[in-house]
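First the structure, which I've put down as structure tokens, then a few questions once you've had a look.
For clarity, chains are labelled A, B, C, D, E and F in written order, and residue numbers in each chain start from 1.
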């Protein structure tokens, strides 16, 4: 069960209200790389994991991420404290309030719809959705997803730090960024303490396709590197007219029962196009008289 | 620019129509771990990457994933070919069509709404959305995301293989699964051919918080492992009443201008709760006469 | 900051695995009336509330809801433990696995995509999104929202109890349902301990429209009740051809600058319809020869 | 302003409850081709249209679609009336209720979450979203969108009719389907009563690219028809190695300021890949000892 | 069935175009607290309600909300009438048009994508989705949801009024705000005219948990008030190491069949972590040579 | 299978970086009328089409749209190249970076979250979702949808051209706009080369309702035009109190089994409202003492 300690994990000292900056901070409250996504990712995994050590790790970090969610949410709440009061009390001239609200960066919605409270949206107002969470219930995959997620969160914090002048906010962002680095290290250790973690899962790859690199984008710019050269790779350039890699006629096929075949043929006949026709079309009607070959004549001068 | 070769990359031979199985296959057409998400993830990254080798790699694999999308979509189209014709032509008894459509697993929507054509939804009918894509424009992060994504896709293919009896479908799924393994290897090589890829980004971690592991989930089950022990770690058990890790009073603070302070105080006063009150509430009204301490008496017998 | 106690708040004893039942339980894990929505609703509000007592209440209950999320998620994890193993290890005949996976109710996605781990989706696989949260940063509104939300959660638990035969699951659902009742009571007390909580906010209603009830749905079935009769109400039947309630010409208007007027008139002229025309249309072309008045002749026999 | 007449536009007589069929009907209540999408599409357009005749048409049909929404919603409410009572009152054995609820096709969510009331979801439980509406505020486009939307709605009704055995439901669906045909005719007339409706908008096409058909998918199956042959077309086969159609080097370019150039070069240098390296990767670590060229040896036997 | 009277319910007189203000108004057209959400919430409920009086009430107010949707949509259409013409006709210098479009607050999308027509998005461009509607088909819950929704809509209108200088818009917003107050009163009356409306539903609460208040957030700030003190409450402070409130071992459990147990054990064995290992990880590889305890040395100088 | 030619289909020469303009361009990368929606719409249709000529057409254009996606994505990448470097390297003063990031129009999210890489969002940051795709698997409908979609895309490009001053961007937008015109022509030809394409599908309309136009929006503004007059139409003005068009009592009905009837009656009884009551409500409690008829007295002065 969860408990809550009324102390923030990290004391936050914001210099002054700034609703525009607040709306940028929402990226890590309700954005895809933010703290709720992190907490829920690890919590879900922890609930279903069979390995006691990894389960403990996942719940430890999920709990810490919830504590980070509280920190970033508190930053938002401090940054909006000024506009919140003024909007609720209409304590400023209407025109001044309008100017404050519309100074850009999504802060208008944060004020008008959410009343300045931290909301589970990103810096553009996009609602958080669970599609941000990529857990699939296989530990070797989920740990890789966690490693990647921590690295992304580190960078978004770095970008926020780079544009924040408020020293108190900057300091707290530094703490949060640092913890993502520590978490990434933990997840890396957890991944590599599983033996034979590659390839993930149990089914072996088909050997005839596992070591091939298909060169499918061609032209000036074709490159070689360790990802497609060396002893692990066979480099295959597919030519534009090549057949399928497994031979065959390159078409999908299915065996239909007689009734199915009859039905699908009826559909096909009913909706067949006549390639030899030269129909007048809606566009022809719409282009007005004089529609000939060149679209030039059909476009307005 | 993209070109299209009318041969499938892998010839697919489906044994017989099965709309229910088709709806499961949608997981890899329009699901979060499916081929469109993969193709778009790498394509987006490739468009913006500054490194010529990595750019080539990303577009090669993006192109291959589009070719995979075609394969899995073709499988869906073959599996629904029977029901599609029968529904369009009403060539079966209504009750039989009803039974076919409702035989579970989401195939009703695939038939009714999409007419049996492969649609960008997952096996539950959830619309694909771009929140599935986690690219953030930093190569050391994006490659980690790609590694994780390939591992997840491998497992979802493995699960589909494990429940598919149609040998032609199973064979094609095996090819697709194998290619995810190969792609993961390529992305791993690309990540490690960037020197100093950890921590990602440029800003250093704050040294006082970078090596700590916070034990935040406590009780029987607390575990140690390489993710929180050894020379890289300082293990810190936070006690439930502990203050913030950076000291201070544990509360967020902000300096308000006088007008802001006045406004927020007015809001607070206007909406303050009276802790000493004992108000009658809507629930009290709704619970009917005789509402006393125990909810027992207020709940219906 | 949050802490985690490894004991569940309520010990759960599930009788036997049942992935289909698991997928129904997701309604309260990742559904709109589920525990994450509850926890986040109160947590957001608590972060921004200016009233110390109410803030404490909100965080207390947010924390309890997170503990409930853990309970319901653990139920899901127990119910899927059988299929999870069998799918990962392919330890059953393919046809049997297929039958298990497709036995309805959304459990196919829970298994294939999420590997049996509790996921933030509802019982239909709809991704959780923050649109489920209706907090707007005004305590008299937010408490009403919380009261309503608790009542809804109570009923969804009641429905789940009514269809669950597993006694251990039923017992845990009973606990969770009961706590929603207790929370509703608390939020009711908190609302009514704010004086003058109706109407919410500060701006007064316009007196000429505040006591009117407009009868806008008319015919047999028109009813009167305390919601539109009695001393608080003036009952107004709007007739189908009535003008606006504030007089005027019933049209919206705006004053345009000359350049704006000229531009909008140019658009209007360019896209005006000719009511006196009798154009041949795409439908006419498509209906084939013999298109006359009756659509009968144009529809297929 | 809207008024409501308590008579349905079309009297509906449902034979017997059937929650599974109800969930299929949701396709036209809360699905993408359903009545809310239709009503809102025309209503939005009507509010902003400058042409008085078209505005009248749009609001007439929007109003009728709302009346259709009421019909289809009433069908759903009738079909769920049995399960709704039994679930709310627990008036059946638990196991029987469980069986009823889980009989497939999404009806479990309709019962558990929505209590049998018609909900704005499709037959898979996907929440309705405004992305279904494609109005863009240009009448020649919007009318084309409306024509297409009516045709789609016609077909989804046809499919529902084809699988419905209840004669009362079938009859009502027939009415609704028919009206979509009538609406399509009206929108066609409205489109073609705008002169010069093609191309839409005001800007002319670039003549050098307006009449070309690019053959980009090549191989057996290449076809000709009126869409790419005849006097309106110039057929161009792009070869796989062809340069851009406008010449140039085929690369995107931008002129950067010196500071911008320096910064982007610094990023590039910091994250460059070393094509000549042969790094050990996470996959190599995870594949265990003996990792050589063939992935065969690294996959599990 | 619905009818439409061409008079607006309230005549709207907008002073002058202002696309930026228009985009703020979208909050009540296509936002979560807006008029479509309101109309659909009551309409859905009305279709399924068994009580004739309440059904009449719900449809009356649903119809009025549709009429409000028309008012707010008309305001948007008036406010964008200037930019719409100028953009369609390109009747201004490009640079001026660019400046107009990008003057903030989301108006760029309203212009570029929607052509100035009111769209079902909120002030940030977030698409309306049916997750905003919380009807569950139980009248005591749904009426509470309606009460809360009306209170929220009142406040969002109040905020819009507080930032709007245009007197005609302000006046219409005042009418709309007032009607929400009247609707809230009606829904309150309807709720309390149901006897025994608390707790909602039929199943009684478990008496041992219904009157307890769990103090789960602890530390300075712990408060008491009518929501957790007085005769209705037992105040329970959970200690961080406390066991479950129902005793037991605090772990979830399930009885597995032998085959299930074998399969899950095989998964666990295959993916177990080795707590005694000290693996080299991807992060170690990525941090470069010299990786020791301190992350300091691994972070870039 | 897809192949990629490293040349862009159209060489793009951007004058200078402009992240704000980049965010507007996203409308056609990840917006509803953008290139991904187009490519996927045709690709899905092509995979399932039974007509060889139309299949070829659909895949040709799908492939071209992917090539357009690459062009517009490359424009975005060029326009953000400046801010991307400066943000990643923090090579500018923090305050300057902050100013750049927040200069409006959604560019803050493009920079902070996506690092300047083109992302599948529209100009407001709304995530792309598959609800934008309206393919239903019937060629006469899908071609109409394609025609409409091409016309919409043409207009959005036109609007972007009208606000873009950068000549290189303007030129490339002109090419893309032109191709939409050409595609619309092709789809028109394909539609009209299907005989008897109206009404779509196979089921005939009900003759008694197919030629009626219902005048449902009434008052000053009622208009006649070819969409409701002429030999194809019967114009019917529905009066506000009219009964259903098919007679009957205007109510929906269903035959319930005895047990169902008993259950629904029990629900109705349990939740019935008492129209004769005069209950005190939560609003009455909240309005404070002195609540009488007029809401005036209950609203704050």
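We adopt the following convention: a contact is a pair of C-beta atoms (placed from the backbone, for glycine too) under 8 Å apart; a residue touches a chain by one contact, two chains touch by 3 or more.
If you want to know which protein each chain is, UniProt gives these names: A, B, C, D, E, F = Manganese catalase family protein.
Keep in mind it's a predicted model, so treat the numbers as computed, not measured.
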| Out of curiosity, which chains are bumping into both subunit E and subunit F? | A, B, C, D
| message | Contact counts by the stated rule: is the higher one at D-F or D-E? | response | D-F
| request: Please compute the C-alpha centroid of subunit A, do the same for subunit F, then give the distance between them in whole Å. | output: 21
| task | Report, in whole Å, the distance between the mean C-alpha point of subunit C and the mean C-alpha point of subunit E. | result | 8
| Multi-partner residues of subunit A (at least 2 other chains) | 1-9, 32-33, 53-54, 59-60, 62-63, 67, 74, 77, 84, 88-90, 104, 106, 113, 115, 121, 124-127, 129, 131, 136, 138, 140, 147, 155-156, 162, 181-182, 184-185, 189-195, 198-199, 201-203, 205, 210-211, 216-226, 232, 240-241, 244, 250, 264, 267, 270, 273-275, 277, 279-285, 295, 299
| request: Under the touch definition given earlier, write down the residues of subunit E that touch subunit B in their complex. | output: 140, 191-192, 194-199, 202, 204-205, 207, 210-211, 218-220, 223-226, 230-233, 240-241, 250, 273-279, 282-283, 285-288, 292-296, 298-301
| task | Sort out for me which residues of subunit C touch subunit D in the complex. | result | 20-21, 24, 27, 31-33, 104-106, 122-126, 129, 155-156, 159-160, 162-165, 216-222, 238, 240, 244, 264, 267-268, 270-275, 277, 279-284, 295, 299
| request: Using the touch rule from the top, collect the residues of subunit F that touch subunit B in their complex. | output: 1-9, 30, 36, 40, 43-45, 47-48, 59-60, 62-63, 66-67, 69-70, 73-74, 76-77, 80, 84, 88-90, 113-121, 127-131, 133, 135-138, 201-203, 279-282, 285
| remark: Residue set of subunit D touching subunit C in the complex reads 1-7, 50-51, 53-54, 87-88, 90, 94-95, 97-98, 101-104, 106, 108-109, 111-113, 115, 121, 124-127, 138-140, 147, 181-182, 184-185, 188-195, 202
